[in-house]
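Both complexes shown next keep chain A, but they swap its partner, so chain B is in the first and chain C is in the second.
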Partner chain A sequence: MTFLFLPPAFAQKALRIGSVSYDQHVHSTELIKFTVAVKNNEATTQFAEVDITLTNVETEQELTLVPVLTGNVLAGQESVLVTTYQNIPDGTYTVSFPLFDGDGVRVDRVTGSTPIHIGTETETLQVFPEVIHLGTLPPGRAMFPTPIEVRWAFYRFNRLRLDQPFYIRIYSDNAARYRGVRGALRRNSPAGLVSADGRFAIPLKLWNLNYGPDMQEGGWDAALAGPPPVDDDAFWIGPELLEGGRNLGSANWVRIPDLSEMTSDPVSWRRLIGQDPFDNRYVSDSNQTGDFTLKSPFTLYLAAEAGPTAVEGAYTANLVVELWDP
Partner chain B sequence: MARRSRSHLVFGLLGALAMTAGLLTTASAQEITSQETLSLGRADQLLRQKAFDQAMEELGRLPKEFHEDPLFRGHLGRAAGALYRTARRRTYREGLAPFRGRAAASVRVTHRKQDSGRNSDQTSDNRGWQINERLETTLGREGRINARFLQEADGFKNGHRDLRYRTLLVDFFNGSSHLALGDSASYGSPYFLRGSRLRGADLLLRGETHELQLVAGGYPFWLESRDEYIYPRTVWGFRDKWNLMGERVSLGAGLMQARDSEKIRTIDTANRPRDNVVYSLEQAVRLVPDVWWLKAYEAYSVTDDDLLEERFGNARKLKDTAFRLESDLIQPFLRWRSRYERTGPEFRLLTDIPSGSVVNAKGITADREFIQQYLDLAPLGPLDLDLEASWYRNSLDGRDNVEQTRQRWATVEAGFLVPEGWPKPRVRGTATETLSSPGSATRASQTRTFDVRTDLTHRLGDWSLNGFGTFKAEHPLKDKTAFDEQTSWSAGSQISRPLGKRLYWTSRYEFRFFDEVFDETRIRDHSDEINNNLSVRLWSTASLGLHHSFLRGMLRGTASAKKIEANRHTGSASLSWPYVWTRADKRRRLTIHPSLAYYVSNVTNSLERRPMASGGLRLAYEAYPDWKLELNGNFRWDDDGEADEVRTEESRVWLSFTTLWP
Partner chain C sequence: MTFLFLTTALAVEVSPTRLEQAISADQPTLGTLEISNPSSRAARVQIQTGPYRYLEPKFRLPSAEDWFQFEPAAFSLAPGASLTVSYTITPAANVRDDAAAEYLAAILVDQLPEEPNVIARSNSDEAISQASPQNVGGQAKVTFVPRFAVPVYLTLPEREKKELELAGLTVRVGESPDLLRFGVALKNTGTVHLRPAGSLVILSEAGTAVESRTLGRSLPILPGATLELPALVPMPGSAGRYRAAVTVQADEALLLQKEIGFEVTPEGAVK
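And then the complex of A and B:
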């Protein structure tokens, strides 16, 4: 006689959840439909109860939907249990599906792969302050001490009820006012601040929590210490490379482009935040969904460098912050 | 561009930031003759080549009366500044020259306190302390093998001692060849390391005709910013590159392998250990030196997307290619830049993920194609024309159930060269076609947008005059029965001029019109807005800004339009008093720089009144070039009395000490 001992992880459960499905985005007044496939590995019909539990991401309050989802699953069969709910308060919820047998013992639990977002369609953007007077730029680099606050709300979904991509981008719109220096061999960019006579420009840089490597690499914990110091080249230009030069792509302070430099490729934009599950650009081991959002409101800081080539004068800029979705 | 025009216009009202940096008045500029232009051009070219001595000579040929020209002074500043930097002794973190026995150390202690209302200013949290430390030493002498030691650490964060090494590096180098042991970053080629940090050995041998790079080690990455685990990923690779025919042709090849430790599953069973091998080629050809070059990069990757599944005979192998072509042609009458990039859906490059970088965008986007053409033509008669077209497409093979965004974009920008003193016209037109399938539930999945901007600028003495007009139309190309066309246009003017030596005034007026359907109701309406801005230079670097805007009319919102009439008053003051004391022998310097900024905004009809204040103090004492002590303090207060959640009080202080031996 042969005895086979299976470790608990491999033991077959009497009742288990095969799969779950639900819509990722739902309007406030719409019915939310949940589908749960339950498999019965027993030799007799089993009673199954699924207490669908939502947890609000903001408040962390749990909400168990009633009446709970119940049904009988035939021996060796898989049953699909379906239910709908309505009038769940607006919010974003993670979803879990604990499964109980007829004795009220929890036998399985599955967590939904995506949160449910319940709300009404909205798309707003506010920036504060709307007019900024940078004062007199001292020689060298200077950060404007008052941050710009961006409040946003975006709730739209595509026809599969998945996240609709969007970005909030920032650019200057100075090309018409910028003339450049007559006779110069190289035409500089109009990005940033442009002098009153249109001949010179001072680039503007910005920082928000989305930019720069984290403290493990850069040594600066932005969440703790705020904007990195502008005087440090590692943050202003980029970390050092072995072969000389700096890694410009890893700088904390990033340049604000002009509209005339931007193309259809979002890489040429300066994105403050965004979500785009179909663009893998922000996907990494540490960010597998490519989420590039910050909660509303978020702040950004401006800085400029009045270097040795900066020319005295009054400089102005029209900065545009724009919400874009395809 | 296919964006939601409503959100754009909402922002057009609420988000357009007009900024003024009130510097000193503009120095009067000399008119430039052709000979002087050539001299300036040569100086500019020499500066770009970092031939600073020759650039100084070239600038010296210009007549004396020209020396007040800002362009001349700018070039002179660059050349003289560079010569000064190369001549003087280096100090602090500007980089250590390979002198024997040099060491630089710096310690920065930061304390931050923040008290903010819920949901307000989430940029930072209120945890208190951080210490950053950096030590850099250099040994050796010019022309021989030198050694550099670099160590950085930070700790005492979050109220507990969390001191761990961030960077530890020993680098033996001679010229541009390096043997680095420890933490280093390099950017070999786009399909190699891409500036990512490696913990191990990095050998880089560079000569006139040959470049060899060997890397081996670990590739630490973190899943969260404050993750207590470091996930090991072993990396090894090599890259070889030859410069032939006097550097007119470069050919290179590389191999890179990255493999995760299976132990990462013990941290979280959701972690997938992966194995990735990337073979890459690179070519660069200067078809015509200084006129036309081509660059090409190709790569093929083999990825085992889950090592553990392979154990059970369920391997998920991904094999795909990626390549990139770039061309740049520069002629006196045109500049033509082209780029073509295609990344296969199953192409992976694990070494592209920067260690520890949580949010920075550096990953190669898989399953993507991008084409760009940019044509900048020299003025043809009175016409100055720039043409640009680009196209990108995701989801190349359509394996996903959701097709991704695809966009075409063409821009024509035309300027008309008119005689000096005439108003200067410029037109910019952009056509964009966007396909987003299956698309948003609330808009057409395929749209074509036309965006036209016109400007007429003129300078009349001290007056800067600008008239502008915009037009935008969005046409649905699909779902025409469900979605309507949207159009909007605006026209306005902006006038600015200095008022004396200390005041600068700007006035702007804009009239906006829109035509759009809300809930099956067509609305055609308008709004207008006038802004006045006055900036005043007070004394030293102190300045004052005053702003008033008046807005009235119908505004487009997200799902409706609403009428508004409001005055907004804004005032801001920026005060600072830099004081610098330098001892006669220039070896001791004391800097005291207090500053204060205040901002207040008040909107009449919403009772919105929001003041903000911030202050700073910088104290620095330098015993040049041996050590430097610096104290920085900042304070910010922001309170919107009408909204409880908008409240922030924040203070930040850091003290840093930097020293250099001997």
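And then the complex of A and C:
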């Protein structure tokens, strides 16, 4: 029987990251300050190295900031290591802080709970195409295969030097020219397409990647297959509930409201993208900045349902795509 | 079905992106907006006012929507060009006798498409009869109008009163067991909107700072509104008694502070 003794590997030192902090919203020319507290639970002074790593959320490229953050931590003490970096390319990054001991062994790793957003102040909005001729609306539901492309850029500081909340929302503006059927008991909504004589309206719906449940819940992989089919009520109206009825809030195709129907309650809006760290509908432990933006440019699709009571005629709509921040 | 694509709706830039201005109830106030076209194609721009759309529901907001006049209100911008648009704010006659100190609106800057959607501009018979005959029966057309909405806050300095009440500070376990969720309740008891900012510090029983967070929001708290600012903080590493101290500043002379004590049990509960 032969015993082979291997030289012992470097034992991990008892070093831990206590806390981290960093600037979250920075101009491209500004210094970004990182602060890392490292606790040494060993009986001797230890060398600590933190290789701050940024990962661009769009390109997924990693960037390790150099020179790396280093320092000696006294036995049983906690040291606060501080450094600054500059000229990091514009973008939004997640941050991780791997900690290495003097032997190059990684002993701890902490991930920042909020991203770093680096940019230059700007606010732009473009929509392509400007006008879509939908041709003849077929009876029933129809999706218009022309994707509408929205290019956007938004980078503003708020008073705390964090991301300023903003929304891009869409609505029709038909109330001035919609008059309904004279003598009708009920006045329909002016949202969507309005006939040339202002008497009739056909609602419009839209879909973009922010709408509808994910594939595990809804069964539709939008990233692969694009907009879901309009003929399936689960996507058009909402998935069925066990107790009957449908979950209208989980529909993939959502109605475009009219400006006249919108109130100060954001539930009445149709928000395409946005970021709001203080709206609990979007903020979670994994999304503390309330970010529901889509990479620019993003696309949306339109669909309409010409039901059995739809009236023949020429229909038009002015859809306003609005960038709004308070 | 025929699809006709036209060129990109171009981006214009608007400055300022928010208008917070002191005005007089008795005489008009003048100001300017800068509209620029950094793109490579000409842009048609239209400026009008609209109602202010705030995030808190069920709020009655005094409106300044009808007070604005723009010169010019519609124009074309060549590529790379900028234009200074002058506006005149003329308060309504009843403002002098009104009690409100702040009036709100939105300035809407629209980029109009090259192909106008020639339809009836109103629902009158005359307007409808003048609608373009290009809309052939059975056809449908959608026009997209990119819009920038500049929120407007107009204050009357003689009625301005900035007051803020720190109504409460609460703590509980957050959405995951390793987080504490603090709630700082603020009530605007003044007459104009405020944009408070502040910080939250967690102190151990010995008085050393364990954690700190900035808190606040850039969204305004309107007069009479109550707002809770949330703050998520990692659970302290060890059980024991702690203090949470919050400092909120809404104005140079408006600084509020509050402190509460809480206990983290070995099981991770908060008392």
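In the analysis below, the second predicted complex is superposed on the first by the 282 of 326 C-alpha atoms of A that agree within 3 Å, B and C clash if a C-alpha of one lies under 4 Å from a C-alpha of the other, contacts with A are read in each partner's own complex, and residues count from 1 in each chain.
Here, a contact is a pair of C-beta atoms (placed from the backbone, for glycine too) under 8 Å apart; a residue touches a chain by one contact, two chains touch by 3 or more.
Computed from a predicted structure; not experimentally measured.
Aligning the two structures on chain A places chain B and chain C in clashing positions.
Applying the stated contact rule after C-alpha superposition, one finds that A:59 touches neither chain B nor chain C.
By the touch criterion stated above, A:29 is placed in contact with neither chain B nor chain C.
Of the two partner chains placed around the shared chain by superposition, chain B is the only one that A:223 touches, whereas chain C remains out of contact.
A count of residues in chain A touched by chain B and by chain C gives the higher number to B. Shared-chain residue A:19: touches chain C; no touch with chain B. Contact with chain B, but none with chain C, is seen for A:181 once the two complexes are overlaid on the shared chain. In the superposition on chain A, contact of A:44 is made with neither chain B nor chain C. Once the two structures sit on top of each other via chain A, chain C runs into chain B at 560-568, and not at any other stretch of 110-118, 182-190, 344-352 or 560-568.
Comparing which residues of chain A touch chain B with which touch chain C, the overlap comprises 122-137, 146, 148, 156, 158-160, 162, 164-165, 176-177, 179, 193, 196-198, 202, 263-265, 278-280, 283-285, 304, 312-326.
Residues 121-138, 145-149, 156-162, 164-165, 175-177, 179, 181-186, 193, 195-200, 202, 208-217, 219-226, 229, 232-233, 239-244, 247, 249-250, 260, 263-265, 271, 276, 278-287, 292, 294-299, 304, 306-326 of chain A touch chain B in their complex. On the chain A side of its complex with chain C, the touching residues are 18-19, 113, 122-137, 146, 148, 151, 156, 158-160, 162, 164-165, 173, 176-179, 193-194, 196-198, 202, 204, 259, 262-267, 269, 277-280, 283-285, 288, 302, 304, 312-326. On chain C, the positions that touch chain A within their shared complex are 1-11, 13-14, 17-18, 50, 53-59, 61, 108, 110, 113-115, 117, 119-123, 127-128, 131, 135-149, 151, 174-176, 179, 195, 197, 211, 214, 216-220, 229-230, 232, 234, 237.
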